[in-house]
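Below you'll find the structure I mean.
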Amino acid sequence: MTVDQVVADIPNGSTVAIGGSSLSRKPMALIRALARSSVKDLRLIVDVGGPDVDLLIGTGSVSEVIYAFVGFEVLGLAPHFRRARQQQALRFEEWTEYTVMAGLDATIKRVPFLPTHAGLATDVLSVNTSFRRFKDPFHGEELVAVPALKPDVALIHVNYADAKGNGVILGDGHVDVLCAKAARRTYMSCERIISSDELQRYGRDVQILRVHTTGVVELPWGAHPTGCAPDYRADLRHLQDYLRYSANDDAWRAYADQYIYTDQSRYLERQGGVEALLARLKV
Amino acid sequence: MPLDERYALDEFLITTMARQFSGEVMVSSVTAFGALSALLAKARYAPDLAVLATPESGMEVTPMPTLSLGQFLTDAQRGIPLTMEEIFDAIFTDRFRIWINPAQIDRHGNTNISVIGDWHQPKVAMVGSRGIPEDTSHLSQIFYYVLTHSRRTVVEQVDFRSGAGTGPDRDATLGEHGAPSVLVTDLGVFDFTGPDGTMAVRSLHPGVTLEEVQEKSGFEIHAPSSIPVTEPPTEEDVQIIRDADPLEVRKLELLSGPEAAERFVSIYERERQALHAAWPRLGKLG
Amino acid sequence: MTVDQVVADIPNGSTVAIGGSSLSRKPMALIRALARSSVKDLRLIVDVGGPDVDLLIGTGSVSEVIYAFVGFEVLGLAPHFRRARQQQALRFEEWTEYTVMAGLDATIKRVPFLPTHAGLATDVLSVNTSFRRFKDPFHGEELVAVPALKPDVALIHVNYADAKGNGVILGDGHVDVLCAKAARRTYMSCERIISSDELQRYGRDVQILRVHTTGVVELPWGAHPTGCAPDYRADLRHLQDYLRYSANDDAWRAYADQYIYTDQSRYLERQGGVEALLARLKV
Amino acid sequence: MPLDERYALDEFLITTMARQFSGEVMVSSVTAFGALSALLAKARYAPDLAVLATPESGMEVTPMPTLSLGQFLTDAQRGIPLTMEEIFDAIFTDRFRIWINPAQIDRHGNTNISVIGDWHQPKVAMVGSRGIPEDTSHLSQIFYYVLTHSRRTVVEQVDFRSGAGTGPDRDATLGEHGAPSVLVTDLGVFDFTGPDGTMAVRSLHPGVTLEEVQEKSGFEIHAPSSIPVTEPPTEEDVQIIRDADPLEVRKLELLSGPEAAERFVSIYERERQALHAAWPRLGKLG
């Protein structure tokens, strides 16, 4: 399928779970396509967010973010996320790393909640009103009930996929499998589409199963500027530029014009082309 | 802390951190200090550690402090790939350790990485609590470090509790599970054995006085009548750290401004080369 | 470590979770060692049990079995299990495949229970009084609370392990990982101990992590008469003999003398030796 | 059912079972009938099926009916290895199908594989409910087959509900999730569209009369005024089944006594050879 077909399947107000983790294997080409569409009022679910969440907030596509973390790791804070939080511009719900996983897993297991001790004696429980304290039915032990998170759509990017929708993840898996299973429709971009015969050589690295995916798009460098191990590392130089471009509205418009309102092949040209990217980022 | 020609501050702190580890547990890290303390501990103090290449994956590797290559170590060294589920299972079963570097820590060892000011009307929105609530409700040892001990970082009360400290709230729900164990700062080593589980001085680094600590803290830290001096690194400790981090990624955590930016770029450009020099590619694609 | 050291660590009344599944990768050499020790009153936890449970019931080592299934698959019912059930000789608690997994997972996640719909509208809920019906704290939906299962010991058998306690499973994983994580002490036998360098070539097939294991014993053919893919298949001929020997007490004593009250190397000789086993069972 | 020279009963039933499959779902099997129906369905009726080699693992394989080699198919064919957790996640998300062969099935489609008689004082203790409670609380299609339709297998009320049928208990807790869809027996095809979700005749196999069915059932099965005849296999269906099961493992399910035992041994001795002939070893150790 094509990027445009994926975007056409995501109406205003959709709840979108995004795979990857901060600067690793974010489905950035799909995110940019979503950002340049007219879609609005997205509810994002991320475990560990980075440029994905930040960019979509920057283009005004988002009305709510459910997150355990949004940041640029070694590069610092996420500029649009930070500004939106400080200006109280959108709805934010702070979760934690495991509770996002548990919320997705609850949906997978078709239970309304999963129990945990995580969050007790922290202020996450004070500010996140989606959680509920309750007493376990056996011993009355106090626990947190994590409600099911129900994404309409999941977007993930993987190393290889076959055309049927099985996906190979060679680096860290992050929460991509949970996103893919929990969402009603999962769209997967990949560095390369390979034959099913070739894919099945990857054994347990075939982590995304086609029964959980709706469509596959071949998008080389589809995670850029985040990394996609073991193919390429995060482009910290581009991300430094991103941070500079995010300093004010004019600069941000320039960034959007140059890098978002364009297709993936022109985007790659504007990075200096594939040869330059290989030289900079191939490990 | 006065400088000593035998070691730098980062080497002193990393060694102090390394000496806290024990047992057969996974050790993860998100910072160069964390990675190097795990590496040193495994070499010298806690040989059974199962060290991870990234926060999430690649068990049984030698971590390399890096800006962009964490996951690539797993491949280069044939680390054992793990899933997020396995990481959290290791946390829940208390087979996991990590050095956490909070923005604020308070008298009771509550810690904050989420927000400065009110959560609903942030003065500075930081990153969100990530996995700290999980760590601080399950692990029997919780390690914190703060590189600039000051009234902004060591505070009477955190603006937001990302990590659960000691006190009535914990007593009612978590008990001993996940309580803060140790805080290492540029001034000393602290624990939470003061009255009602409040912060107490365990040792001060060479040349640091209790007065300096109290002045730079947002509250009075409990102190025993006789305060030990933190044991400095040995020559071997220092050598191991220097060998493991030839690009000096660790120095970045202590720098800011243009000097940091310049060094950052330089490390980023050179670290692929360092990786390949240290571990000629052996991975599954190699 | 040695088989005897493992057995010495398992006192009377221990709760023992057993990995594998019916006729696949059961830790039979460890089970036989346990059976010939004087240990009594074991509480067994199995998801899908077979000759493991049956043999330990046969030697009188068991006081309680928690199970989703105990049987010999294509060969029929488990003779000692069946007799003990029909004579009400021991305590039995019938669970289901997922609820055994959930009970172990609850212990791993240190929660007193996990919720599910499995079991509703079946008689498992009538006969298994460990489960409890409850209403979810959000919507009052009726669910089953599966209590945490807390094994003292887990016994598993894997293809390869390193001396530190990391284990490689090449065939189906069954519930071995859950057993290993949930138990206070996990003992693992393996077909072969290999170096850590060699083990780390197996990537995601390294499924048992040493932080969850207490000890490793090298026991070639340690799953026999069950299979250990891809090394050898189940020895259905021996299992047919087992069923014949289980017909009455005298025959069973003869089986025990010949195959249980002996060590692994003599056991293998009495199967005709390793060459004969290879010829019969290597795939 | 009268014999027909173009196909055997097993081939007729397997084809009937194969025709129930649809969509992109995992298909698992614990019996030769289940494996062959999945194989035939994928070849002819439901090409998107993701077929498993064993109850638990090895997705995207061609199953081979076997007594001892299920897992070895995964290796020989480079099937995609799955975990038990993935199997149950596929069940919970309704991406899983399996043909279940219960010891008893009743008017409401409750099924029993656990015990004959009272659970606490069993007349025959069978095997335990395994994963049937999970299937019958989550899947949108539940397939049952019974090879000997009789008053012992198709009963007024099962002795023990391993699998949840229709009725008030389901209505109160599970709704439509996991309700029984189809029963295939040696006499006909049945569903649960009768009054109050009771068993109804969908079609009868060639030559089978409603009277015969009622006589061999423990209760009166609802029947429409005009009953279709089950469509027999085509030549191609039969050929696919025969090619896929040259050792005729499927026949064992219809046999008992010495004939079954003899054939069992013969298949067991020959099936490694059949595996290697069909799929020269390509696995990770090869």
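Residue numbering begins at 1 within each chain, and the chains themselves are lettered A, B, C and D in the order written.
Please note the rule applied: contacts are C-beta pairs under 8 Å (C-beta built on N, C-alpha and C of every residue); 3 or more make two chains touch, one makes a residue touch a chain.
Just so we're clear, the structure is a prediction, and the values are computed from it rather than from any experiment.
Student: Which contact partners do chain B and chain D have in common?
Tutor: Chains that touch both chain B and chain D, as defined above, are A, C.
Student: Would you identify the chain whose Cα-based centre sits farthest away from the centre of chain D?
Tutor: The chain lying farthest from chain D is B.
Student: Of the pairs B-C and A-B, which shows more C-beta pairs in contact?
Tutor: A-B
Student: What whole-Å value do you get for the distance between chain B and chain C if each is reduced to the mean of its CA atoms?
Tutor: From the centre of chain B to the centre of chain C is 40 Å.
Student: Compute the distance, rounded to whole Å, between the mean C-alpha positions of chain C and chain D.
Tutor: 27
Student: Which residues belonging to chain B are in contact with no fewer than two other chains?
Tutor: 81, 88, 138, 177, 284
Student: Identify all positions of chain A at which a residue touches two or more other chains, and write them in rising order.
Tutor: 109-110, 117, 203-205 - these are the residues of chain A that touch more than one other chain.
Student: Would you mind giving me the full set of chain pairs in touch?
Tutor: A-B, A-C, A-D, B-C, C-D
Student: Touching residues of chain D toward chain C in the complex: what are they?
Tutor: Within the complex, chain D touches chain C at residues 30, 54, 56-58, 67-69, 71-72, 74-75, 81, 83-85, 88, 91, 114-115, 119-134, 136-138, 160-165, 167, 169-170, 172-174, 177, 252, 264-265, 268, 272, 275, 283-285.
Student: Would you mind writing out the residues of chain B in touch with chain C in their complex?
Tutor: Touch residues, chain B against chain C: 24-26, 50, 59-60, 77-82, 86, 88-90, 92-93, 95, 138, 177, 284.
Student: Help me check something: in the complex, which residues belonging to chain A touch chain D?
Tutor: So the residues of chain A in touch with chain D come to 108-110, 166, 181, 196-197, 200-201, 203-204, 206, 209-212.
Student: So in the complex, which bits of chain A are touching chain B?
Tutor: 21, 23-24, 47-48, 67-71, 73-74, 77-78, 81-82, 85-86, 88, 94, 96-99, 101, 117-124, 126-127, 142, 170-175, 177, 205, 227, 229-230, 233-234, 236-237, 283
Student: Which stretch or stretches of chain C touch chain A in the complex?
Tutor: That would be residues 109-117, 132, 134, 136-139, 141, 143, 145, 147, 203-205 of chain C.
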